[in-house]
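Quick one: this structure, given as structure tokens, is what I'll be asking you about.
Note that the chains take the letters A, B, C, D, E and F in the order they are written out, and that residue 1 is the start of every chain.
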């Protein structure tokens, strides 16, 4: 009974909410077509229901579908960027990857391979987590597709550059250290944004700096404002192929209670969205939104925030792709 | 990335949980195929996201998808009846009907027409509500398909045989009065099960009796037990084409907090399932499970109960269909 | 904009739900008139928002209004007893007593005086708590009005016959010991029903027995059934003026999560209602429902249970009063 | 047992919290007198329990009483404006309108007539919703009483100027388009404040602009600050009779989870209150606070925010009325 | 500031609640001494915060501490068995095992070694889970200490005798198959109690039967009652060293919402406690209570039920030990 | 099984999270040693589970342990101040005071005596409440130890300088009036920060000013920013011995729903933390964080905020102590 709308741009758009209420039907991201309903995608939204890499509250395995449910309210025109992303390019939802919850190493390989498969024809991925462990295989695939190390904007309360935890190399606290070690990041252009809260020791910061990371703390965002934050980030990254990884715990727990390792003093959802919109025109080759843990969410506060974040990521990509095509 | 399993019976069964974790992918009922993935169904599960007929707490518009989410845990073999329903017959999920929330009369027509369309080739419906208003058009379709008035087992805390409410004829408190008036029920064989709680007046009971309804209260179930309850119900209904309508508020609020008009002193989910299993072999031509209001649910208590109820309804139908086919 | 209905019995009944939806307007118990809207009451429902006597989870100060909110769903005819209580006698809601939260002794005096004032013309009280501390002043008033010590049925997970706690004589764990000491209970006819869970020592039971209490545990109710339970209770109490005190924690936490000292293994709301209905015809001179702590409730499970309990208490009183009047 | 305080201004003020604890008694707004307890009001608070016009999460039918419950904490002196509103003018609570949930057209007429009745003697209304559908009949009444089209400040995440939805003209997404069409708004002086989130298309904005609306987005409030926002709004509206309609979803979901169509990136409750206080001295002839859906609230976060908003609206009106009287 | 009470039996008992309120201080099980505060224990309560073996909702890693918090209400005398367990024998809380969340195999070894260490001097363990994976290493230790295969009573909605899941041998669905394979169970005396809900296929039952398991379903408990259930179980097990493993999901979701794989139609907490008490005198050498997932609990319903279950397990052991000592 | 880490500074630090997962073991504040595990402390964290002084929602008696649970995530290095507080000085958790819930006067004496005992050797206290009543005895002890009246920074939505409430002198609304009357505050240097919301009358402000209090409202923080706020506060207080009392309701309900008397329009957790960090170098002799009421919290939003606040208070003290020692 679904009725997908052919957009003015010729792409297959979301289910028509004037005919089928938003709460009806299965929830794909933003009520977009499933990937099997379109021939080819420019941007693919995909879920990774995996949380075996968490060190505290688990539950992000249910995150992708939670964000999809909350995304029922997303409409097709983004006034903040004056763009109709689903009209400009073909966006579709590829559903969830089938990932082994009992074997982290196998899980990482599956994710990497799936990501490569989904991008073999040039599509870009916006991935819904899952815990932050998944950023590593996604970055591997993104840099392989880019043909070079990628720049990274990492929005998070935490650094996620720890080494090992209980002997495990691949956890939600280590993806970016591994990525640096593997040479898949362009260490001239990697930054954390929104960090705050206590660390294990000053060595955490020293290691992080040594890897090449810049840090814009939550306090920095508060004190210098969005525009200066954006200017610095753009300055550092320039034209490089850019991957954006957003741990939803970058938001204050007031804006994202549904996550595994909350820290007080975070940025607001408005600040995050404003910063993202400031990235317009950059060469965004891949992105993820991770660590949404629905069992701790309330009234979809976190799910709604994550869905808007993902929507703006899609909009940025759609804008860049279509501008380039047109240009 | 979905992988549906072809069952021993040749039907297309649920997604294989040994390959794709239960929490992954979109939620169809019991992870069954979508209706567009099969050629023909014997039993069709369909949702009706409509709650504009409620007199107290709204929210059942989100009920069908909530039950689907909770149904991820359902496995394909039903040991209580020793049957693998999805192997015996083809069951599929038709998604949700697109129903107008602002016009009850139009909504009822849409539901009736959809139900007729879905059953044109002999398939039987198990409908996930939505509020109880929807039972009327579903009964209309069921009796039209049966070619005669149908018997009714109505599990509910309430009678739902009120006349009008604020001038409205079609609400969640009136479907069975309307159905009697329309002559689509076989009034020799209609019963409420599980009623309790205060009424407006003794006239409610008198009207109800006049329409032909028998009543097995929650107290009766408690005092006479499941087997005697079942025996009496079977006795009354016999071989007639039977429609079973289950308002989840028939369960005690402890077992079903997520509903609109809760009443203390209800039956347990175990009692309800035992009674349903007692209906084995009866000619169940249609069924619904209604009034699941997720905003009031907790940890899917209500969703899980409703999913088991719907699963047993499907099992009963599958058993009857396959037995008849084989016989 | 309220419209109270004059009942067939000439009493002023609840707001007419056919004209004003149940969710509209201020919540008096069962949408009954406020006491200032009637000339005289036969039964008065009153709230006591006090919880300074609790030893564990506080919050019962919000209990009375929570029960009133949940009581919006109560309709005026009680089919379980075939009685329209508000038609038979005048019932009204006296609102809440104004009780000092910082001084238990003063609070007890206020409650006692208010209870006496509300019953000066022969009205009987059904009190909504508040914590169990309030039973003592309510019993004082009830026995003073009865002119003799009263019989007591005490539904509770606990004995509430402890001596002192942190030096305090008047707490929610001590009212019935105090009542025995004050000679306001007829110790030939006092029973606990529904007790379970661990105690401090065997001496708790010995003291309790010495005071004269009989005990019907939750296990006893389960094993001997409702009818035998009722028979034994009636046998013991006979015709005496009877006070019924119901701690909502007598229900299993599944049926009453919203309370301060939950114990697993409790009776169901159906069992409690069945036992209460078994008290028909007894000389019920006063009653309370206490320990509803809304901050721990979910979807009004506890509030709905308590409202049905209070409704049946009112029905029992109304039946006895009107039968006596008629007789 | 209620004790209303006669204020220094001679008006009947709220219940005295030094004698009756805030959690005791029935909840009128800010514990003010019921309208039947006073002779005449200057400002009347009234509830409209209606949510049949919602397109997503229902439940605002319970909103007015939820805000009243949360308003128990409001004290009578407003230090932010240095005013004791209940002393300056007579404020009372008229309870809830009795509105048909099954017939939107009838509901709108009822609301309009009730609003006219309540303002026949010059009183101004502060209405607690209910969904945003109710703004249309309230605006009709306001402009009829004003004798001219009124200016409008509309705080909302959404435009609410859509045309029809499922064929329905009167829903919570359409009141301000209808109001423009009916000529009851002074289109020189109408503005949305706090909008954000995706739309259906750029045409939404074009239509809106054509109707005359100005827009101050949530992003604008963030970037230009409260004072500049206020200055622009005042500039546009001047001395005109002004109606303020506040959809609580103008607040970020962190500040107002209990609503039906949440959007991330909203303004804070502090920003909203600061803007409102900036309206001091304007000719505020009517106001509403709508879309509070308690089933999605937590710990009264939304209820408390809405109660403070309503309190400041009352304060603004009281200040203007009393200043004019004195002047 | 803690004050532990020396009991009449000479053992160190729980913190004295007459001096330190139950809500004060750190939560050991039943406020018992920490293991470092006593010289030797007869019974040791220990937590295993591990949930990396779950196939659906994770979170049981927080289970042990949740049960401890809920156990603050447990008092030292168990009237249902007329025993003061902490007086009879020394019981203490050993805190939590430190288990690797990222390596199931290592985790199992750690648990096994810890269990052996804690029982080296003859103490018996009551373990608080953690997911059901942990039963395997606990059974290994129990049978090693018993010097023979042990009998097993397994309370659960599920069989937990599946083979592998995603290639993993050790998960929460497989411990008892592994235990049979390892020869650590006395297959003449192993039973599931409380099972219900769908399975993958009839082969699940066939395998299970082949391993030697008896099954008492939730339906059986309902139909045959507690006493007959107990008689059959005792009959089968006799005098053998017995391990009792209780998955809290054996309870209906109404009684235990806080768990990972809920199934409707379960037994009540009263039934479970009655069955456990029926095991009095049996040779209970070890026990666990697992699968409490606090993120899904409400108002500690599940935690309280689990704490009572653990308390009765301790009481059974204490009774048997002290009787044997005395005998 | 606990393993405390000896820090580089020679002090006993928190449990090593690389060996024992953060969710394992009993929760002391920040997983620090218990006071009985160290010889002497420089800073002692202690809980006061007392809430008998509240005028609205109770429940803060559970606050201290809730904050401890949320503090499991705190790591030992504070990057915002570039300090490892537990390395610099010895910090330990003294558990909870045993306070009488039924006698406010006795409770206050117990708290005062306990505070004196805990500081007899020069240790400073960071106290976790409990309701705000406890600030009075804590201030008495602090000024006695300081040998002079202390300066006060009071973060709160409310003034807490009311006189009596229902005749009670010692409640959560009166501690600072009492403290002024008792001469234990240096009235040249006392300020409220973050106040907002209505008062009883202008006299509240006049009294407060007369006592010497300065006020920085939530609106002031918003308008003048953190740095100017800090500068003014430092200016006023200078070198005096300073006590910081933080009612968690100073935060907006979005950031702290779990509290008893929430007011909209509050400061954010980021603002609060930034202000606290601005106090670096001041002579902080004592501090408390009060009014955390867990029953109203969600996903530990409030607990996490309070834990970060307490952590920064400890960091400030540790910095000042160690700087002084070194200096």
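Simple rule for what comes next: contacts are C-beta pairs under 8 Å (C-beta built on N, C-alpha and C of every residue); 3 or more make two chains touch, one makes a residue touch a chain.
Chain by chain, the UniProt names read as follows: A, B, C, D, E, F = Agmatinase.
The structure displayed is predicted, hence computed values, not measured ones.
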| item | value |
| --- | --- |
| Any chain in contact with subunit B (Agmatinase) as well as subunit E (Agmatinase) | A, C |
| Both-way neighbours, i.e. chains that touch subunit F (Agmatinase) and touch subunit B (Agmatinase) | A, C, D, E |
| Cα superposition angle of subunit C (Agmatinase) on its copy subunit F (Agmatinase), in degrees to the nearest 5 | 180 |
| B-D against A-F, pair bridged by the larger set of C-beta contacts | A-F |
| Of all other chains, the one whose Cα centre sits farthest from subunit C (Agmatinase) | A |
| Farthest chain (mean CA position) relative to subunit E (Agmatinase) | D |
| Centre-to-centre distance between subunit D (Agmatinase) and subunit C (Agmatinase) (centres being mean Cα positions), rounded to whole Å | 40 |
| Separation of mean Cα positions, subunit E (Agmatinase) and subunit C (Agmatinase) [Å, integer] | 37 |
| Intercentroid distance (Cα basis), subunit C (Agmatinase) paired with subunit A (Agmatinase), Å | 55 |
| Two or more partner chains touched - positions in subunit B (Agmatinase) | 21, 23, 55, 57, 61-62, 101, 165-166, 252, 254-255, 268, 296, 298 |
| Every chain pair in contact, whichever chains are involved | A-B, A-D, A-E, A-F, B-C, B-D, B-E, C-D, C-E, C-F, D-F, E-F |
| Footprint of subunit C (Agmatinase) on subunit D (Agmatinase) - complex, ascending | 1-3, 19-21, 23-28, 47, 49, 61-62, 65, 69, 94-99, 101, 114 |
| Touch list for subunit B (Agmatinase) against partner subunit C (Agmatinase), complex | 55-57, 165-166, 196-202, 204-205, 217-219, 222, 252-255, 257-258, 261-268, 296-298 |
| Subunit D (Agmatinase) to subunit F (Agmatinase) touching residues, read off their complex | 17-18, 21-23, 72-80, 82, 84, 252, 254-255, 268-270, 273-274, 298-301, 304-305, 307-309, 311 |
| Residues of subunit A (Agmatinase) touching subunit E (Agmatinase) in the complex | 51-55, 57-59, 61-62, 100-104, 106, 165-168, 171, 295-296 |
